[in-house]
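Residue numbering begins at 1 within each chain, and the chains themselves are lettered A, B, C and D in the order written.
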Amino acid sequence: MEAIITFKDVSKTYESGTHALHHISLHVDKGEFVFIVGPSGAGKSTLIKMLLREETPTKGTVLVNGYNLCTMKRRHIPAFRRTIGVVFQDFRLIPTMTVYENVAFAMQVTNVSTKYIRRRVPYILDLLGLAKKARSYPPEISGGEQQRVALARALVNNPALIIADEPTGNIDPELSYEIVELLNEINRCGTTIVMVTHEHGLVAQFDHRVIGIEKGRITLDRGGKQQ
Amino acid sequence: MSLGSVKYLIGEGARNIRANRQMSIASIGVLVACMLLIGAAVLFSLNADAVMGYIESQNDVVVFVVDEADEEEAEGLGETLSAIENVSSVRYISRSEALEGQMERLGNSAYLMDALREDNPLPATYYVKVKDLEFLADTVAKIQALDLVLEVNSPTDMAATMVGIKKAVNLGGTAIVAILGAVSILIVSNTIKLTIFNRRREISIMKYVGATDSFIRFPFLVEGVIIGLCSALLAFGLLWVGYYYLMDWMSAATSSWLQLAYQHLIRFEDIAYRMLGGFCGAGAAFGVAGALFFVGRYLKV
Amino acid sequence: MEAIITFKDVSKTYESGTHALHHISLHVDKGEFVFIVGPSGAGKSTLIKMLLREETPTKGTVLVNGYNLCTMKRRHIPAFRRTIGVVFQDFRLIPTMTVYENVAFAMQVTNVSTKYIRRRVPYILDLLGLAKKARSYPPEISGGEQQRVALARALVNNPALIIADEPTGNIDPELSYEIVELLNEINRCGTTIVMVTHEHGLVAQFDHRVIGIEKGRITLDRGGKQQ
Amino acid sequence: MSLGSVKYLIGEGARNIRANRQMSIASIGVLVACMLLIGAAVLFSLNADAVMGYIESQNDVVVFVVDEADEEEAEGLGETLSAIENVSSVRYISRSEALEGQMERLGNSAYLMDALREDNPLPATYYVKVKDLEFLADTVAKIQALDLVLEVNSPTDMAATMVGIKKAVNLGGTAIVAILGAVSILIVSNTIKLTIFNRRREISIMKYVGATDSFIRFPFLVEGVIIGLCSALLAFGLLWVGYYYLMDWMSAATSSWLQLAYQHLIRFEDIAYRMLGGFCGAGAAFGVAGALFFVGRYLKV
C-alpha cells in the first residue's frame, strides 16, 4: 500500500542537548490506524511535532502526505498542514475565540464557503457533545471539554491524516471509548490515524497497530489483526 | 482569497479590537498622545513662521534724498524705487514732515529742536520695504546707484538678525517635528511590539492549524488601521478644540504683543485638511507596520 | 475524626449561567485519601477550585483546614493556600521560570530558609524523575514531565492537604501507579489527599474512598475498606 | 519578610528583566524617549528664559539732566539714581558726548548737525538699567520725582512687550513641559499596563501557590526601578551628548544673533544634577507605579 508517513533514519536533538529521538525509521500506510505508546518523555510528542513540521529533524528525512518536510519551502507549509488534522497534547485553543470560532477558524483557512462552515461546525460540535458550549471561551470550559474542542478542530476538515497526541488524557473512560470508536469509524472510511495514548485499555480494546517508543527508540511495532 | 474570506478577515480584525480591549485602548492612548505632540509642534512652528514673517515685513530701508531735488524729482525717484525687483512698498516723508517726526520722537524735549525750524537740516526721506530681507544687500546697492540718492541707511544688522531668527525658527520647527516624529515612531513601534508579543501564542496556533501568513496578517492589518484611524480622528478633534481655546484666550489677551501675534496666527481650517490627512496616514501606517513588520517574526513556526 | 474539608449545601452557577454544582454536602476527615471520579464536565474541577478559593460558591459554605472560605478576608488567602498543595489540571507552571525555580517558588513564599530550599527542591525533583530537567523551562519538557513538575510543587512544602486534579492524565500507567503509590505513602504519614482521576484502574488498585460526581451532584460515596 | 526573602525578591526582579527581555527593551525605549522629550523641553525653556533675560537687560531708561546742573551735581544725581531699589546700573553721558553720539548715529549724514556744535541743544543724560522691567513704571515715577531731572524717557512699550514675551516664554515653557509630562505619563502608564497585562497569568499562578500581594509586587518594583534608572541614565547621557553637539554647532555659527544667544545659553553642568535627579526620580516612579497601581488588578484571584 502507499505510504502516507515515512521516517528515514530520523534523529532529533533539541537545542538544550536532549536527544529526543534516535535513528527512527517508520512507515505508515494510507488508511492505517496506529497507536503510539511509551513512557513519559520517551519522544512521542517529538515524533508528532515532526509530522507537523513544528520541529525539524536534526538528521534524516520525514515524508508526510507526499511532502518532504525537510526540504519543503516555508510558503508551502500552510497548504501541507491543512491536509492534516491535529489534536495537540496542550490543546492550543485560541483563548480569545469562542469554541465555535476556534473550530470554524480551521475551516476558514481552507477557503471553503461560509455556508458550509455554518453547517459543518455545529455538526462536529454536536458529535463531540459540545453543542451547549459553542459560545463559551476555552478558559470557561472543563479540561475534557477543551480536549474535545481540540479534537473537533482536528476532525472538522475531513483531513486525510489525523494526528492526535493523547486526545483522551482528560476524558473519562466511557467518553474516551466513544471517541476512539468515532476515530475508528473515520478510519474505516479511509482516513489514516496516528494516536498517542497512555491508556492500555483502549489499545487493547481496539486491535490496531501499536508502535512503542522508549528513550527515543522504537521498541515495539506490532500490527493489529486486521492487517 | 475569496470575497467570503476577505469579509471574514475584516470581521476578525474588528472582533480582535474588542477581544483585546485592554491592548486596543493602550494603543489608542499612545497613538493619540504622539499625534497630539506632533500636531502641536507643527501648529507652533507654522505660527512662529507666520509671526516672524510679519515682523520681518516691518523693516524699512531709509533712503535720504539730496536737498537739491524738487518735489517732482523726488516723486520720480519714488517710482524708480518701486520698480526695483525686491522692493515691496515705498513711503515718502518730505523734509518738513521729517523734522516734525524727529521732534515728536523727542517728546516733551521737542522744543530743543525749535531752533532748527528755520534752517531744516533734515533731508527728504523714502522708507522702502523689501520683499526678502535675505537679498537686502543687493537691493541697497541698486538704490545707492540711483541719481538723487544722498544716502541709504539699511537695517543690515537687523536684517541679519531677522534672517537668522527666521532660519532658526524654520530649522528649529523642522527639527522639533522631526525629533518628535522619530520619538513617536520609537514609542509607537515599541507599543505595537508589546501588543503583538502579547498574542504570539495565538499567532503560532493559527499557523499550526494551517493559516497562511497573509491570512494571519490581514486581521492585524484591519485591526491596526481601525485603531490608527480612530486615534487620528481623536487626536485631530482634541487638537482642534485645544487650538480654538488657545486662540480664544489670545484674542482676549490685553497685551498688545499677544494681540499683534494673534492677528498673524494661521487659522486651524487652513491646515485642517492636510493635518487630518497626515494623521490618518500615520494611523494607517500604524496598522501596516504592525501587520507587516512586527507580526512577521512570530509567523516563522 | 476531625473534618479537614466541609461542604455545606454548596451550589455554583458560573456567570455564563452554567450550573456546575448543585447542593453539594461533603465531609473529608483529616488523613483520608479520596478519589473523585465522574464524566467530563461533571463539576470535579469546580469542586477543586472551590477548595482553593479560586472560585467562591454561589450558595452554601466551604470550610477547609479550619478556614471558612466564604467569609475569609482577602489578605488571609495566601496563608491559607500555603497549607495546601495543589496540582492543577492545566499545570499552571510559570513559563519564564525553570523547573527548579517553579518548585522553589512555592517554598520561597513560605519564608523558609534558602539552605533548606536548596536541599529540598532537588530531593523532590529526583523523587519524581525530574532531576535532569531541573534547568529546563516548562515549554521545553514533555507533557508528562510538566505534570510531574506541578506535582513536585504541590508536594514540596509537606502540606497537610494535597489536592490533585488529574495528576496522571499525561503520564504512562506504570509511572501513574508509582505516583499514586507515592501519594499513598504520604497519606500514610497523615496527609489528607483529594485526587480527581479518570483512571478506574488506579481507583480499583488503591482501595480508598471514592466520590462520584455527575452533572453537579454527588452520585456515589463509597468508603475504602481501610475505613 | 526575612533578609533571605528580600535578597531572593531582588534577585527575582533582576532575573525578570532578562526573562522578559522583549518587554524590558520596549519599556526602556519608551521611557528614554519620553525623558528625552521632557529634558529637551526643559533645556529649551531655560535657555529661552536666559536669552530673554539678557535682551531685557539691554533696555535703558533715559534720564535727561537739567542744563543748570554742573558736573558735581550731575554726579550726585548718579549716586541717588544708583540707590533706587530697582536700579541695577547707571551710565552717564555728558552734553558733548550726547551730541557726538547723535552725530555718529546719523552716520555719513552727520555733517548735517555740525551747526549745532556751538550751541549744543542736547542735555546731559543718564542711561539707567532696571533690574525688573515689570516694576518699570514705579521706578520711573521715583526718578521723575528727583531734583535736577529734566525729563525721563522710559521704554514703556518695549518694556510691556518684553514683559509680555518673557511671560509667554515662561508660561509656554512650563506649559510645554507640563503637556509633555502629561503625555509621557499617559504613554508610560499604557506601556506599563501592556507589560504587566502580558504577565497576568504568571501573577495569578503565583497567587494560587500562596504568594502574598507584596511578595508578588516586590520583584515588579525592583524590576521597574532598575528599568527606570537605566532609562534615566541613558536619557541623561544622550541629552548631554546632544546638548554638547548643539552648543558646538552654535559656537561655530557665523550669525551674530546665534553668537549672542550662544553667549547667554546655560551650561549643561549647571542643571545636570537637578536633571539627573529628576530623571532618576521619574524612573523610580515608573517602578513604583507599575508595582503599586498596575499589578494590583491581577492580584485579585
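Heads up, the rule we're going with is that a contact is a pair of C-beta atoms (placed from the backbone, for glycine too) under 8 Å apart; a residue touches a chain by one contact, two chains touch by 3 or more.
Since the model is a prediction, treat every value here as computed from it, not as a measurement.
Chains touching both chain B and chain D: none. Using the average of C-alpha coordinates as each chain's centre, D ends up farthest from chain A. Mean C-alpha positions place chain A and chain D at a centre distance of 67 Å. For the pair chain C and chain D, the distance between mean C-alpha positions equals 62 Å.
Mean C-alpha position of chain A lies 29 Å from that of chain C.
In chain D, no residue touches two or more other chains. Because contacts link each chain to exactly two others and close back on themselves, their graph is best described as a ring.
Pairs of chains in mutual contact: A-B, A-C, B-D, C-D.
Of all residues in chain C, only 14, 16, 37-41, 44-45, 89-90, 136, 140-145, 148, 165-166, 169-176, 198-201 touch chain A in the complex they form.
Within the complex formed with chain A, the residues of chain B that make contact are 1-2, 4-5, 8, 16, 19-20, 202, 205-213, 215, 300-301.
Chain C meets chain D in the complex at residues 52, 54, 74-75, 77-82, 84, 86, 88, 92-97, 105-106, 108-111, 113-114, 153. Of all residues in chain B, those touching chain D in their complex are 22-23, 25-27, 29-30, 33-34, 36-37, 40, 64, 107-109, 112-113, 115, 119, 121-123, 150-151, 153, 157, 160-161, 164-165, 167-168, 179-180, 183, 186-187, 190-191, 193-195, 197-198, 255-258.
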